[in-house]
Each structure stands twice: as C-alpha cells, then as structure tokens.
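As written, the chains take the letters A, B, C, D and E, and residue 1 is the first residue of each chain.
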Amino acid sequence: MKTNAINAEPNKARAGRPARLTLADWMPKIVMAPTVIVTLVCMYGYMIWTAVLSMTNSRMLPSYDFVGLSQYERLFNNDRWIVALTNLGIFGGLFILICLVLGVILAIFLDQKIRSEGAIRTIYLYPMAISFIVTGTAWKWLLNPTNGFEKLMIDMGFTDFTFDWLVNPDKVVYCLVIAAVWQASGFVMALFLAGLRGVDGDLIKAAQLDGANTFTTYRRIILPSLKPVFFSAMVILSHIAIKSFDLVAALTNGGPGYSSDLPANFMYAHTFTRSQIGLGSASAMVMLGCVLAILVPYLYSELRGERNE
Amino acid sequence: MSNIKAIRRKTTAIERLLRVALYLVLISVAAIYLLPFIVMLITSLKDVEEIRTGTLLSLPASLHFDSWSKAWSSACTGSTCDGISPFFLNSFQIVIPAVIISTVLGAINGYVISMWKFRGSDLFFAALLIGCFIPFQVILLPMARTLGWLGIANTTTGLVFVHVVYGVAFTTLFFRNFYQSVPGELVKAARLDGAGFFTIFYRIILPISTPIIVVTVIWQFTQIWNDFLFGVAFSGFDTQPVTVALNNLVNTSFGGKEYNVDMAAAIMAALPTLIVYVLAGKYFVRGLTAGAVKG
Amino acid sequence: GEVEVLHWWTSGGEAASINVLKGLMEEEGHTWKDFAVAGGAGESAMTVLKSRAISGNPPASAQIKGPTIQEWGDLGFLTNLDDVAKKGDWDVVLPQVVSNTMKHEGHYVAAPVNVHRVNWLWANPEVFRKSGASIPTTWKQFITEADKIKAAGFTPLAHGGQAWQDATLFEAIALEKGAKFYNSAFIGLSDTTLRSEDMIDVFRTFKKVRGYVDSGFSGRDWNIATSMVINGDAAMQIMGDWAKGEFTAAGKKAGIDYVCYPAPGTSEMFTFNIDSLAMFKVKGEDNQKAQQDLARLILEPEFQETFNLNKGSIPARLNMSREKFDTCAHSSMDSFLASSSTGNLLPSMAHGMAASSMVQGAIYDVVTNYFNDESMTPEVAVDKLARAVKASM
Amino acid sequence: MANLVIDNVIKRYGQTEVLKGINIAIEAGEFLILVGPSGCGKSTLMNSIAGLEEVTEGRILIDDKDVTYANPKDRDIAMVFQSYALYPNMTVEQNISFGLEMRKVPKEDRDIEVKRVAEMLQITHLLHRKPAQLSGGQRQRVAMGRALARRPQLYLFDEPLSNLDAKLRVEMRTEIKKLHQKLGTTIVYVTHDQIEAMTLADRIAVMKDGEVQQLGTPQEIYDNPANLFVAGFMGSPAMNFIPTKVVATDTGPMLELDAVQKTLLPFPNKACLESYVGKTIMLGLRPEMITEPQAHKDGQPFVITTEINVEVTEPMGADTMILTRVKENEINCRSHPAYPAKPGDNIKMMFDTSKAVAFDQETGVRLDV
Amino acid sequence: MANLVIDNVIKRYGQTEVLKGINIAIEAGEFLILVGPSGCGKSTLMNSIAGLEEVTEGRILIDDKDVTYANPKDRDIAMVFQSYALYPNMTVEQNISFGLEMRKVPKEDRDIEVKRVAEMLQITHLLHRKPAQLSGGQRQRVAMGRALARRPQLYLFDEPLSNLDAKLRVEMRTEIKKLHQKLGTTIVYVTHDQIEAMTLADRIAVMKDGEVQQLGTPQEIYDNPANLFVAGFMGSPAMNFIPTKVVATDTGPMLELDAVQKTLLPFPNKACLESYVGKTIMLGLRPEMITEPQAHKDGQPFVITTEINVEVTEPMGADTMILTRVKENEINCRSHPAYPAKPGDNIKMMFDTSKAVAFDQETGVRLDV
C-alpha cells in the first residue's frame, strides 16, 4: 500500500525545493503515523494473515498446510453459506435503506425547533445504548407469535391479525431488519442532525427566496450539501450490516434452521465453534470482497469530489 | 431548519395543522421506539411468577424493586455473586481512555486528511475505511498474539488499545467528513497569523467541531461500552467489562430464568451510555461557522 | 499458588457448585481466579480460550470436553496429570469411557466433573392423564400417543429452536436403530450407514415428530420448552438430565409432578455427555502445584456429589453414596453401569462427545435445516448429510 | 411590479435595536437606493423586506398586501445577498436556474434565460464551475445572475457590484438600469458607490443607526441635504464643513471664512441667517465649489476669489484634490490637474457659494430649508 | 520591511492556467496595487505570495530569500482575505489579537494593540461580538484589523475596503496611507477602486487573464497606458476610444473625428502617425478632456471646439456626464453640472487632445511610445 506514498511530498522531488524540511512540515504526517502503523499492522497485516489462512486447512488453531483454494470451493458448496450471503443481501440492503430514510426524516423533523427535542432525541438514540444481549430477549418476546405483537393485536380485537415472521424461515430475515433498524436508525438520525446544524443559514434563506418550499429546500439544497454525512452514514451502516452478529445471536440464533444466518455468524461458528479456521478465514475474505466490491467504487467517487470551500 | 419556521409568528391554519401532525409523528415514532424498553422496564419490575403467567405489556401487580438490587449487587455472574456493580469500574477504565484517545486521534486524522492533504492522504483514508470492514472475529487470534507480544494481553490497557485501533477508522471518518464543509480559508488565515498545526487545530478547528465531537463520542462510547467480543476475548478475569458480566448474568443454562433481573441489569448497564446521550445532546448546536467567510 | 479457571458454569446451581470447588481450593491455600464466560453452550468460552492460548497466556484450567481435549492435547497446550491420577487411583474410580476421554496419548490431561445422560424423555403425567395417553416406549408409539395428546388440545412435544436441540432429538431417534448403527454413523462416520435405508427412516420419523411441536418453537430456549412441560402446556420433552434443574427450580418433585423415562426405544442405551476441566501448561511451581491440587479436588467425592446434585447429572467417579440423589439420577446411574458392559454406552453426537466439532457442525446444519424445511424429503436430507460429513472430515 | 410600504419597522437583536422605526413608501416601478454607513441596518432592512428576518415591530406591505408574516417564497422577491449565499453543491448554471425551476419554468426557457443572464454578466465560460472555483467577483456575478434570471415583483440588491472592477461595474450598472427601464420592476438597492447611487436611483434613502435620515431624489439629497450627516455622507470627497461666524453687513448677513483675513462669503439664502448673526454656523461647501479661478465664473454673484495655503495635493487623474486648512478645518478643493499647486504654495482659489448650505452647529439641522 | 520578487510564477488549477508567468519586483517599503478585471488572478497571486496556494512554477523571494516552499507562517506576512475568513468561534477582539498571541506578544501589549486597531477601524463597540453578529462592512473591518494589529514584513490586502461606505473608505484609505508612511512596510494591495489605486500606490500593476499588462506609477498608467486594455481599464468613466482616420495635412498628420463634419483633431506626437496616414487608428481620449468650452483653454494648441448631439445626460453631483455618439461609438464627456445640456440638444463641446493617446487597431499596442 502506501508507505512510500505517504513520505513522498510532491514538491520534495521537484527542483528548487529546499531539502531541509522543518518539523512543522512533517507534523501532519507525524500525527498520522500512529494510525498508519496500526492500520497497516492490525488491519492489513491481519487481513493478509487471514488471506493466507484461507488457503490452508487450519482447524482449531492456525496451521500452514496450504491447500490452495479448496476452502473457497467448500465454502461455495455449503448451503448454509449461500443462505447467509443471500440473507446479507436482503438484510443489508433493506437495513441500510430504511435506516438512511428514517434517519434523514427524523433528523429533519427534529430540526424544526421542536420543543423537548432533547428528550425525543434521546428516545431515538437509546436503542444503541442497550446491549442486544438483553434487548434481543425483549424483541424475541415482541416478535413471538404466541405472546408478542400478534397477541397484542388479537387482544385489541383484531382477531385475524397474524405476525409470525420470527418463526417463518422465509420472513425471519425481516425480523432482523426490524430490530436492527430500531437499534441503528437513531444514530443515523444523530449524524444527520449534526450535519444539519452545520449548514449555513444564508443558503436556506436564498433557497426560500428562490421559491423553494421547505421540502424542496431540504431536497435540493440542504441534503446535497450533506453528502459527506451520507457517506459517513453509509459506511457506518454497511459496517453494522456486515458485522451483525449479536443481533442474530440474540434474536434468532440463526434459526429457524439456519434460515436467518448472516455471514458473520457463519464465520464465527466455523472459526471458533467448529474449528474450521481455514473455512472461516475464507468466508471472511469473501465478506471483505463483497465490501470492497461495493465500497471501492463509492469511495472512489466520493474522494474524488472536490471539497466545497 | 429552524430558520424556516422561526420567521412566522402568526401561522396559518394549515401550518398549525402540519405542526400538530409533525408532533404526532414524532411522538408516535418515539412510542414505537420505546416499546421494547417499556417491555423491559415492566418486566424488571415484575416478579418471576408474574412474568411466567402474565402478558407482555400488562402492568406489574405490585412493583418489585428487588430485581434491581439483586442485579446490582447480588446476582451471580459466574461463581461470584456480587451483581454487575463490580464490573462498572472495569468498563469505565476501558471506555474513558479509549473514547478519549480514539476521538482525539480521529479528530486529528480528519483534520489532516481534509485540511493538510498530502500525497497519499486520501488513499490512506480509503485504506483505513476499507480496513475497518475486516470482520472483527477474524482478528481475534492475531490480535491476541499481538497483545501477548506487546505484553498487554488480558489487561485494561490491551482492551483500550484494541478499541482505539478499531475505532479510529470511524472517528476519522466522522471528523473528515465534517471538516469537508468547513471553509478552508480559516486554516489559511490562521497559518498566516502564525499559528502552527496544533494551534490551528486546537484554537480554530476544535471549537467549531462540537456537533461532530458529540456524534463521535456517542458512537465510540456506545460501541466500546457495549462491546462484548473484545471484552470477553481480551480481558483477564479481573478486567472483564460490564457486558461480559451481563452476558454471564443472562445466560444461564439451567435454573429458572430470572428475566426481571436480566432486564434490570440490562437497563442499569445501559445507564452510563444514556447519560452520555443526554449530556452530549445539548451540544447539537447550530451555526458554528456562520459569519466566517463570504461566498 | 493461583489457578485461573475458565468455565461457563454460570447458572445458579452450577455457580454454587463451582464455589464449592473454589472453597476447597482456598482451604488448601490457593487463590482461585474465576473466569466465567457464559452463553452459547460454551462458544464464547472457547473463543476466549483460543485467544488466551494464542496470546501465550492460557488459564490454568478450562472447561473443555470430549474430542476437543484431544485437539488441545495435539497442539501441546495441556499439562500432564498422571501423578495426581496415580495417587487418586483414577484408573480405578473412573469408568473406562470416562478415563479414555480424559487422556491424551495415554496421559491424563483433564479431570471429569460429571456424566450427563442425554437420551431422556421428560413428561408431565397430568397432561398424559387428561389426554388419556401413556408414556411411549418406541417412536412408533410416540406418534400414536402424541396424536391423542394433540387431540386433547395440548402440545405433544415441547421443543426449542436451537440446532443442538434438534440434534438431541435426532440423536434420540437414531439411537433406536441400535448401538451399531449409531456407532457406525456418528463415530465411524461410515458413508454407507449415513446413506442407509435406516438413516432415511430416522429422518422420516424425525419429520413426523416435528409435526407434534407447536408453531412457536423457533428461537425458543430449551428451558422455556421445559417450562411448557412444567406448566402443563406440553406433554413431553426430549432433553438431557440438566432439564431436571428446571423442574427442581420450579418446585416440582420427580415421579409426582414430572416423570423421567429414557427416550422412546432407547431404554437400554445411554448417551453420555461428560464435562471436564482440562489443565493447561502454566508457569511457576506454585501455580503448577495449585493446578495439580485442583485436579485432585475435582475427583474428591465431596465435590462430585455437590456438583452433580445441583446439575442433575451423575458423578463421574464410581462407588459413591447414592442417597442424596433422586430417582431419575438413580435410574441414570444404573443405566450407566449396565450399558457400559453391553456396549450400549455411547458418546452423544449432539453434545460433541462423538465426533470432532467440524463433523458435529456439519450434522447440525443438515439436521436443523431438514427440521425447519417443510419441503425437504428424507432422501435428500440423507444425501446432504453424507456429503456434509464427508466435506468436513 | 409592486409598491412596497415599510411601516414603522423595528428590529431588535436581543437588546440592540438595529432598526428604529423605518418608514419608507416605495411606488411600483421605483428604484430606491439605500445608503448609509457600515452597520447602519441596510442589510437588516433588506432581510426584513424579504422575510428572512422577522421584524420585531411594524408592518411590511408589498403590492398593498400585508406580508409581514408571509413566507419569503410567497413574496415574489429576488435578492442578491451581501454574502452571496451561493449553493455550493450546484454549478453556476444550476445556481442561476434554480429559482426558475422552483417557479416551474420549463427547461428550455430556463436554458435560454440562464444563457441570457450569463452573457449579460460575462460568466458564460464559468457556467459549469462550482462556486468554490470562482474568484470573488465571479461569485458576486453569479449571485446577481441568480436574482436577474427571475422576474419577481421586487428586486433586492445588497451591494451587488462591490467586488467588481470599475469597468465591469459601469457595464453592470448600465445593464441594471436598462433592465429596470425595460421591466419596470421595483428595486431596492444597497450600495456604497456614490456614483451608482446618483445614477441609478429614482430616490435615495440615507440611513444612519437604524433610522432614515433623508429620503429624496439624488439631486435633492446632493443639493439639499436635510442635515449635517446627509451632507457629509453623500459626495466623494465629502462636503467641506467650515464653522463660520455670521456677521451683519450692509447687504445682509455674510459669513466670515476666517478671522484673520476676514474673507467674507456671501450666502444665497440670507433670510435664514438673520437670527444667527453673531453666532457661528456650520457652512457646507462641496470641494468642486472651491476651484482654481475660472474665467467664465468671474463676477458671478456668489463667487469670491481668495488666497489659500496648500497643504497636500492629491492627483486623481481627472482632477487634483488640494487640501488646505481654514481655522483648523481641513478643506478639500478640486482643481484641474494642470493648475499649478505645490504643497506650501499660497495660491488663489475661487469659492462659489451659490450652492452652499448652512447647518445649526448643535443640532446639525439644515438652516435654509 | 522587505522586498518581494515574483519570478515567473505560473499557477494552474488542473487544466486552467490562472497565472501565466508573473514577474514583479517590489522594493522594500513599496506600496504596490494590483488591479485587473474580475477573475484575472489577483487573489491567486496574493495567495501564492502568502504561501497559501502552491505555485505550479516559478519562485517567490521575500527579502531576497527564496520562500517558494516556505511555510506561510515563516514568511511574516499579514493578509486581508477577500472572503474575510474570520474565526467564527472567536469574538472580534480574539480575532484581532490571535495573530499577536501566536507571535507571543504579551497580553497587555495585545490589549493595547487591539484597542488601537479597533479605534482606528471604528469597531471598538463590537469587540465582544462574534462575526455572525456583524454587518458585512463590520466583518470586513475586523478582517482588516486582524492584519493591521500585526507588524509583518509584508502586508497583503485583497479588496479590503470594498464593503465600506464612501466616507469610511476615505478614512480607512487615509489610515492605510499613514500607516504605510509610518511603518514603511511593503504592501501589496488589490482594489477595484480607481481612486484608491491612484492615491495609495507607489506603483500599479495592471493584470489581465493572468498576465501583467503594465507596471508603473499611477501617473504613468493613467497618462501613458501601454495598450488599449490598460487605457480602457484605468479611469472611470473609461477613456473614450474613437477609431479615426489619419489624414495628411500641411501641418502633418491629423485625425479625422468624423467623416461627415470632417472635424480634424490635432495630435501631440505626430511622428508616430506618419506611417498610419490613410489608415484608421484608435484614438484614446479621456472624458474629462471633452468638456464644455472653457474660456481659459481657448486657443491652446491641442484644443478644438465642435458641436455634438447629446444622447443621454447623467448628473453625478460634481459633474454631469454627457453621452454622445461619433461614428457609432459612444463617447462620454464630462461637463460642469451647470452647463445646459439636454438629451437631443446640439451643444458645443471642447476637445482637448493634448493628452490623447493612439493605439494600433489590431494589436491594441500604443503607437506613441
């Protein structure tokens, strides 16, 4: 990667640049250095290590008997992995989309000089605060057909109401979406709220004079200028989506069957419970590959964009 | 934004109606968000028998606070039965340094990446972001070895280190994206005024970063406080964070499940985070860069 | 010296009993560092153990069992307990099946704490009475009785939504086909047995039994399922003897409020699940001393009794006083002795005693998927099973 | 085209009263220019008219409708902000056409309009840039373009040309004038450029500290300032203020320029001086009324030639400013560049008091109105 | 006090070349004014000098040291940004004293300095406000204050007075001039105000499209513009350009003002016209050289009186502009406000060509230099 790039100040190479550089010139690089080192070792180093392991037949602990790509072959012959990947697609897509939409809308609503904004904001945020180890139980109850919403609605007189997603292998992934959106959308809201608070008031005035109504002002002027916030939110949400482990562990434990498995659970189960580090590493690499496929083009377009000074 | 609404003193009927609708939406969404919490709270106040027999949302016949005191000080987490209270200190010892260090690092990194660009800084940022998508589960083993090698395995310091390492990508992301919209002229002006790298950061940039600091602290505090995986894998027997204790408390494999104690413990374990939300919330302020530049 | 013990005995009774051990250790002048990691049937604990081991700082002792002991032994992490074993006559007091699992390459590396019987059927006699059914002794009969119970408006079989529960049930059904079949399928992993007509039949029965489980089973914990039996909502549960703890906790009496029978068609058989503490290599003579003392104390009758009374299981060592144990435990002990001589004493596949964790996982996947997928035929399932087992070897 | 009535508008920011009761009535199609010292409340008034700041008290009527609490977008106003407020995420083109889009103008018409405006403002080559890539003056022109693309009832321009070079500014000024003549839209315009004010305005409102000091046609303001402040504010270089004693002579009261030489200046409106005989009043005389002796003016009634001492000379191209001092008061005179005047010289200058004005020294109020 | 050498500086933004090789040498203590049309690269040049933009090619020397790659803060420069760039989180006071604080000036001295600057800029009452609570002109003054509080080697002012009213601007201009005289600091100053340029500058650099067109004293630039562009750019209202035919007469080549009346204008530098006889050249004549007939000029060598048709009149206070048309070319004339001229009238005007200049029509280059 970029060790060389980081040291290479563009001017230094050029004629005329004094060779002597002051400490001040190096300061940005010096302060970044710890992060760079740590990233190189603890992210990329481990990533390479994992890549290497994915080509071995490591079982309980890492070993270095290379078996080529056969772990990947096994992986894609594994029904459970395919289910997990498909689930990730559905779950990730829906989760990110709903969180973004909900987060934006709630942030905009909260930004309308709402009385007791603080209380409402905290309510939207609190699901983040409570460990899923326990909220999982509460959700399990709520989503359970025999004593949750369904019962609630039936008790309220809607006798035909059915809500059995949690036990339906085809629908259970939507339960994950519900719980995950509940948990993460508040934070997305907070991100956007912080962004909204940074928008120059004059711009809004200008837009109003141009005849834009509140909705259009948000859509055309304010939200576009929050592009970096969308970026943050996207990264955070995809991070949560791809790493959703607790959620599945607590809410469905992968069930019914393994119909609500996500790759993170698959990977964890194989790496640690089933002593298949090789296979687990392969699945981790595939997960990473999926992220790269989505993230890299996005990153590219995002980082190329000029900053608005 | 507020400016949109602030202008009108006299509002038309439609606007008043919209406003009522707005509050209705906000409050009903809040109610939905609160539902699981209400379930937890109600449950924590019932006794075991009532949980077994009653329905989810029925109010407790009488309030039982003993589940709370039990969760706090006498529920068993492993072979010790001191509740979750002894573990709070561990958590704080991990969370506070880790949040501070990762936020500060993130702020500085974001500042460098958006205002002191050098060749490769954007590339590094991209690399950092991609890097943080490495599933945490796969790094457990190599990280364990690294920590052992550094001599900080199973210590609080080790946990702080791990949380900083895997938190810094996000904190950097938040700050960098916030600083994208800060006028670059401010840094230019300060450089001319003779301010150095850190002075600019400290005197000019940090003071206008409050909303994003709040967001970052909320995120980091929550992530680290609620972390289980690292907490369990890298802690020693005497440095376990509260989540591990909570997990131990909740996960019994036999004996009647004391849901009320579980719920009480969970709510208690979440209190520090909630307090952070409430305290930090008032720094969601507006207009920090207003008046800086023209254009 | 100090011993750090990594375990997942965190529930009330277990914790109390591990405290006994702690007390004993402290009496000996050692320090007990308790590292409890609950949840997921020890999954988290295993993760911690690996991370600790890799960081070069393993605990002195950890709760591991079955073939896993061998795997750790292969990696050279475990310490030798032969001295303690010799002094305590372990070869004598422990049944052969038990001592074999405790040894790696002929040396003791772990100390057993208990023996669980897995193939139990727990029943609520009240429900049976109300629906006019009787306790089934074969799976065939199970179906006829279950129909009666269902007709009476009860849930015939209480079951939860975890893969290991499905596997426990599956294992019990497979057990009816005999020890030879069981051995060949789950220990020998013979492809022909896995693809045999008998196996197809097992799957067929399995699917039928599935029909007697209520709709809300998914995601349910096993103890919730047990409480359905306790509350009289359900008639039966197939579960190991740890279920007894739930009945006891609810204040129910064995033989009166609930009854325990061997799972249908398996009364001659005993599938066991042995918990044990393996000892890791540690530094420092004091600590090694403490470690040896720990191993010794585990086998002391005092600890074995308290622990197993709490846990519902039977002591790992023989020749202990039976008087404090209840009827179910007595029947378990008898069966344990009887089966060990007939070759009907079998390691539980569902609880990781039979095969490596990889094979176990592969079987879990197929079984649980089949259980939850209405459309999968037994033939397909058998094929998947054989292939999955092969792939994981 | 709409009239605009600003009725006793008061604006406070917390304690500070920024507008202290402004009353201005502007007729439909009128071009009003607001001038006043920095910080006197011009932008605040503009914002209040546009509805971007809530007024604390008073009313604003556009086209005879009370819009005090109306939504900015319903007022049909286009405004050029002093701070530009360009949409940073949009290109110049999008910035300009946004207002049209909001008014549901079809795409083709928008394009035509953007093209027209861009040509007029000479920013056609910049249409695809983002604001961040523009120079200060270019940004200001985009801000203009955004307003000019629309055809509102009322234009508000807040110092729209301040960052343009003189040449461009003259061109833009002409364009605005043409536009006003063509469309007849009502315009309120803030400027610090006196020439802009004089050439564009139908009427000028001179503000100070949140109050309107005088409202009148440019010529009125220039020739008949209501008070010392207006007189001193309008005109560049500023009017000379000379405290002079009113002395009685046979031909009526005269003004004693300095006590030593006893130069007596005549004053057009003698009547108003009567009551001030013996007292000191403030004489206002524009620099262009103190020139080198001009033959064709010789002998005219209010013209007097006297000798002064040159302190500083300032060549300004078309003219040269000569700074002299009378009784401690600096006096600016305007002479032809060719007139020989060097610092230290004593030279003859011609004082023309035909347009001189007099103010009460204490109140600053004009005497002769 | 330091000299400044800008040595062939080139700056590109991607493809666009914004500075195309600028060469300017400024002596220590000199006051240089940069002028040029909007977007010609003035701010970019200022930024390059300050080290805030990296130059693509070329060198910058301050005090004979190559600082091309030096850190801005080591260049000892104070700058007023066109966009102000105030620190939004600091009060006015803190904004002003920040630079001093950074230079480790003790608190008491800072306070004194802030007070002095604030008084000079008339913002004392605003010291405790935040930038967001200021008017445009007040912000600009704070930006000035920030620079003026320091005593750097070099001041850079980028349109520092553009948002001030005329009166304040004159005062500020004087203050800057005094400051320069007192401290003798080298100053580079961008302005669009011609009077500012003429009165403040030791030398003026006229830029266009990233190139310096002419560098000289104000008088040189005004009287002897190097080319059509400079001639047209400096002076407000702009110089009149009239394409005239060079005709040979007995007294040498003369210029034919219009083909109908055949008014012939004399030209001071006849030699340079010789080779253009029969061709058309561009005559440059400032408006103030076309006036109402003035008795004292009558009979002077290069003065001719002729009759013109008034198209538009524009009263500007001190003068009235008269717009006429000669051969399709608009011509601005400057007359005394009292001179009676109404649109449509035919009136007599006096053309004084003693300072007229001539340019090649194609290249725009001055002929008579």
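Quick note on the criterion: a contact is a pair of C-beta atoms (placed from the backbone, for glycine too) under 8 Å apart; a residue touches a chain by one contact, two chains touch by 3 or more.
The UniProt protein names, listed by chain, are A = Sugar ABC transporter permease; B = Carbohydrate ABC transporter permease; D, E = ABC transporter ATP-binding protein.
Note that the structure is a prediction, hence the values are computed from the model and not measured.
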Number of steps on the shortest touching-chain route linking subunit B and subunit E: 1
Mutual neighbours - chains that touch subunit C and subunit E alike: A, B
Interface with the most contact pairs, given as the two chains involved: A-B
Most distant chain from subunit D by Cα centroid: C
Centre-of-Cα separation between subunit E and subunit A, whole angstrom: 57
Centroid spacing, where centroids are CA-atom means, of subunit A and subunit B in whole angstrom: 15
Between subunit B and subunit C, centroid-to-centroid distance (C-alpha), Å: 39
Between subunit A and subunit C, centroid-to-centroid distance (C-alpha), Å: 38
Overlap residues in subunit C, where contacts from two or more other chains coincide: 40, 47, 50, 54
Per-residue multi-chain contacts in subunit A, two or more chains: 24, 61, 200, 205, 208, 225, 268, 272, 307-309
Residue numbers of subunit D (touch at least two other chains): 51-52, 71-72, 82-83, 86, 131, 133, 136
Subunit A residues touching subunit D - in the complex, by the definition given at the top: 200, 202-203, 205-213, 216, 220-221, 224-225, 227, 306-309
Complex contacts: residues of subunit B adjacent to subunit E: 183, 185-186, 188-196, 199, 203-204, 207-208, 287-295
Residues on subunit E engaged by subunit B in the complex (per definition of touch): 47, 50-52, 71-73, 77-79, 81-90, 98-99, 102-103, 130-134, 136, 139, 146, 150
Interface residues, subunit C side, partner subunit B - complex: 4, 7-15, 18-19, 22, 32-41, 44, 47-48, 50-52, 54-57, 59, 221, 223-224, 227, 231, 242-243, 245-246, 249-250, 311-312
Partner subunit E, residues of subunit A touching it in the complex: 11, 16-18, 22, 24-25
